[in-house]
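Quick one: the structure is below, and I'll ask about it shortly.
The first chain written gets the first letter, and so on, giving A, B, C, D, E and F; residue counts start at 1 in each chain.
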């Protein structure tokens, strides 16, 4: 390759005209959200939520509060910064909004921290659900330390709280991290109540507008998805319309079942493996394939 | 946030009373098992089992034994330590047991090392099965170096041997590592004979009490699971009861098939994709969907 | 363990006779392809293809070309080396071929770089397809930065171009990287046209000889696989025979559908979730389960 | 130690009253200058000033400008930030000054970059001086790559240019880095003309108000220091008063000589090893111990 | 080299007979002290002693105690371990002593931590001395952050406290770290009172039995050494005999002066540069070279 | 700065015409010697020469040979590569010489390895000398593990052996590493016999053509240098002419003494601190300052 060729290709690739949407410009010199820093935030949060299991694994009761305090302070700083970057990512370039954005991000981070006890409570119920739901689990600790469900649901509960605080982009990055690590894809917009457990988990998809009640258990490969989605007059998909299932309390959904659309799975129902469900299921129903194929 | 708020939340999060089971205390000052060190152990084992493919990739025949010797010594030390931590994780706090535990862990690590030739033999048959089972495989080496099946089955065979040696927790961590990397979830308690191959692999689940014979091939999304599990009088799941399939020699199970319960899939059977199987299958049977849906 | 035992096991494991195919010897002292370096190559490519999103996230228009130029130069050097190692991995030991191999690898790396604008164009259509295909997507940037589909398809398009340039092994390693990260398994040999989108993605398998047209959308758990594969007279699988589906333009395939064999899915067809398809589908057909099971 | 003791000591150490000057508070939430980032800046500068020797050591002429451009851009960003932190370190807390400070730092970084060709020219003369001044030097390249003199003088010339631009603290950190690495302590405030060489270097001290002419050579252990320093009426040392030697062109100072106070060493003089000089030396003088002790 | 040659050399190098003292065997399986971990200890200590300057540079008053608490806890664990290794390094192999040694190490670490306020007080006087003693110093902060004197004296004061607690080996390692970084070699056994300052510092040597009073200032290249040392009847040096100078309060010693033997430099004396002193100096004396050589 | 200014400066800095000697071009695409890799080589060598002290500090006698064997193999590969780069650094561009150069480098690395037992023997005498020469030394192990003398002399002995094997550049890099770490500057060309010890060490300079006998002890700040050096007719220094002292057996040289020129210090002499010596010293002489100044 002659150097002139080389230069030509570089110029072509560096041209921002044709594919402008493939080039991200920082406005106000704020860089992109950092996946590495968000990983650090989530690791610190795990250390705070499950002390002794993650982070400093030999933390003693005498020093526990010091570690939690130092971690909370780090989380506050790192998360404020990432929230700000999230806002900036979508920002419409009004420079005056910048200082406001900095302060708003800090307020949100503070509010998020004040909700950590709530998140901890919810996760404590998920740990109990995991232990009760899996005969292979020998202790609570094993579930906390190695179960993909606890890992993914922790990321989801963190991300969901940030969705409730109207943080853009960051929640999705946080749940995609655990999607990559566990194969469990929970949209942070979904609403999931306490005592939730996913066994094995690979291939599970829980869509943006899904609502899940208390004490629900699902298995690998289960999809809670949209049947189809409305498009606007230009043919573009309409964003934010409820289009995923409502799963009521005490439901069990076995592996690879597919539930599509804004349907309701009534309290206490059991959905068999590989089922294809696109209509409401009355409370207490067992939906099973009636014969071995 | 006033600092007093900050302090209040920290105190709340640091309180170990309410959610004591979310806080892991080290007993005898032994920290949690380290995922980083277990990763190192498994990497060293890969280097020993497939020399030249992993670890020092330019190892010459003249120096091969030196590398293997040094690696075995490192494996011995690292694994002893992690086994000890595994015992400690579940320990009932009898301080006098500690020294015994240290020695027991070393004995187990030694015994494990003495079984490496057996593991190597089994993996050699898995490599042959991968090459024979996938028309896209061009060489044995390609299968060893990039196939998720070999990756996950290596972790399984290591973990299973540790299960046979009654090591707690560590085997599960080792198979969850490869579950995260490949989407293949093999419980280390399962029993799998030689010439085993999983194609593509994402979403495969093989439960704790599964028994798989020689020369079995399965595809992505296959579940070898429990149909339901017995609970004791308190409603808690009973641990350790056989509840997963027995798959005999020479069986092929195509993608996304679900096999549940302590059923037997007879020698030489073929289970079609997406099948839902909850009863025994006689030897030599082809179970297929009889028409295109 | 007596040291003599220790020594015996090492000798046994170091013996290259019995399991010679488990030991990789470097010929011409060229080491194995390096997954770490290929990761670096792919990261640099992401930075070049989506500037500002990956790599130096605060790159300004004034300096964009400098970064692209420096990255292209690094890619050229790193990729040439890895291509050479790929050839060497399969080399039949003719020492004289070596210098030729070095030059050939550089020529291929140069040619690959000259095709980057084409790859960039294809990916720009995939980004549009992702945005249009997912109601949860709020901006193009979100899709570029966090969607598994864009991540996996980028690796695929890089790998596929290397397949077209007859590079062995390396393309497969590159697609296995994203398989591990996303659960999406696209063989680099497959042919995929523009505006391609995979939603959620975990469990998707696209086989080596698959051909996919323009504007195709598929969901998690979809398999485009082989029904069976011909074996030669020795019973070994015949390599390289077309055995995967042809999917024409504008097709949608919903989650967990399984399409097997060299069949054709006609233009504009829609395949429902969990479908099992082993025969041709005429253009414009909607193949759905006709009732809720 | 009872935990109460532990807590007491922590409270004592955390009390900021008694030793307030030992506790650095960030104003305006700007952290301390980062030694790691300044190391990165200096490494990038070495790569720009001596391309091919440092940084990307295999940079080809065709791609040289791309690398330099990308490095200059990184230097600009990193250095602006560190300059800002330097200002902030000494800032008297006027919040309104902040935005101004940000811009000022960027202007200074730009101006610094525009002076790099001048720094490069000066260093080119230092390289020639090193080669000519040391019979053990075999090539210019050897001097560039391994001589402590070039290493320390590069840091000095960078730091000095920042002093001229009125940047606080940062220049001192940059010269202390090379002080630690080479044992050569040049205050960035000193003025040193072209063709400067220090042989061996350990123990050399060149004070803040020293002025060194062209073509000067000094050896290890040489001190160009202050004899004493004036104190103000409170007994505190007066800052910034000229108090170190003026060394004119073509002077050689042999090892461990000590030159103190605002004296002038005339053009072409030679100062013998271990000499103790506190008065002016006329041009062309050889000051030697007249007998072997 | 034939492999047999290779093997022969390895055997020769691995033979522990001839040079047994060059091979360190761990007793009781306790490894060598770790320089990396001691670096971590000293870094954490710097963060505790000079909060905001080192470690978390943006620590806020509200969270300061949490950081100090967490750091103290880490220091306690890491230092206990290293102290134990220090004892073990010199251990005479009595296995029963081991458990005692573990406890003793923890007690010492606790006692050391309880002395940190004292160390902090001493260092606060050293910072004042540095600021007052150097006209180039613009703030206390600059001295804390970049002066080699503060760096080396911090290591010394840490190391000396460990000497007082009878910890073997570790103190020496800690002062050798700063010797390497600053060229200042202070033996941890030396006794140095408050308000101590070393300007520039490279080449300073302060011997094991040196005693230095309050408010002493010394310059680069100063040696406080032994004149000769007594040997026992076998001709081996006698260890631990006082053999270095006593320097009383308010003394200044200029660069490259050499003071040897158990002599006393009286209160308020000034020793000129390059002086060679082997006898007592009366209080208030100025010892200077009387003429310019 | 307008971007055009930015571009102009980059072009200016990237211009290789004016300062061509500041730009290192790789010939034959061989990069510069790597300081990181040479650091690795020296670390591995320390592990081989002082097993248990460096590298794997808990190496057991049973596995010692495996570690040494694996390390020797790594040293062989890394050092061959660096030697080749050293040759290439000075290469006069004859492409045909390349393959020869590769082989020559390997031969030299092999020969170097075969001399390791000799180096080990010499260092064992240096350890004894350190222990005997320093009353503060409590064990051999302490000297091996923390004395700057052993550190610097190890690098010197490695570097010197490479000088004897006619390796360019690399030896100098290796001794400059320890110069930076210890302040001891020993040119690898110097000749030093057994039982050599340098106490404290900072500021010691030992020139290229120095010859030192057995059992010599020197202190910090000692210079064994050149008095002046002959220049050729063009005024350039003549390289390689003997110009540094010859120090015979059993000599002691105290701190900061300066010995210049090709003089001989006779067997058993003692040179006092701060002495300035430019003439021969007869055997057995004590050269001391006769009075306290």
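Just so it is clear, a residue touches a chain if its C-beta (ideal position, glycine included) is under 8 Å from a C-beta of that chain, and two chains touch if they have at least 3 such contacts.
These numbers were taken from a predicted model, which means no experiment stands behind them.
Among the remaining chains, those touching chain B as well as chain C are A, F.
The chains in contact with chain A and with chain E alike are B, D. Comparing mean CA positions across the assembly, the chain most remote from chain D is B.
Seen from the Cα centre of chain C, the chain whose own Cα centre is farthest off is E.
Counted by residue number, the contact pairs of B-C are over half the same as those of D-F, the matching pair from C-D, A-E or D-F. For the pair chain A and chain F, the distance between mean C-alpha positions equals 57 Å.
Per-chain CA centroids place chain B at a distance of 51 Å from chain F.
Between the CA-based centres of chain A and chain C the separation comes to 26 Å, rounded to the whole angstrom.
With centres defined as mean CA coordinates, chain D is found 50 Å away from chain A.
Shared interface positions of chain E, defined as residues touching 2 or more other chains, are 6, 10, 58, 60, 62-63, 65-66, 68-69, 72, 183, 202-203, 221, 256, 274, 289. Taken pairwise by the contact criterion, the protein chains fit none of the simple patterns, being neither a path, a ring, a star nor fully connected.
Of all possible chain pairs, the ones that touch are A-B, A-C, A-D, A-E, B-C, B-E, B-F, C-D, C-F, D-E, D-F, E-F. Contact residues on chain C toward chain F in their complex (touch as defined above): 3, 6, 10, 62-63, 66. Within the complex formed with chain C, the chain A residues making contact are 1, 5-7, 9-14, 16, 19, 21-26, 29, 31-34, 89-90, 168-169, 172-173, 176, 179-180, 183, 185, 187, 189, 202-205, 207-208, 221, 223, 225-226, 229, 236-241, 243, 256, 258, 260, 274-279, 287, 289. By the touch criterion given at the top, residues 48-53, 57-58, 60-61, 64-65, 68-69, 72, 110, 113-114, 116-117, 120-121, 123-124, 127, 132-142, 144-146, 148, 181-183, 200-203, 219-221, 255-256, 272-274, 289, 292-293 of chain F touch chain E in their complex. Put simply, chain F touches chain B in their complex at residues 56, 58-60, 62-63, 65-70, 72-74, 77.
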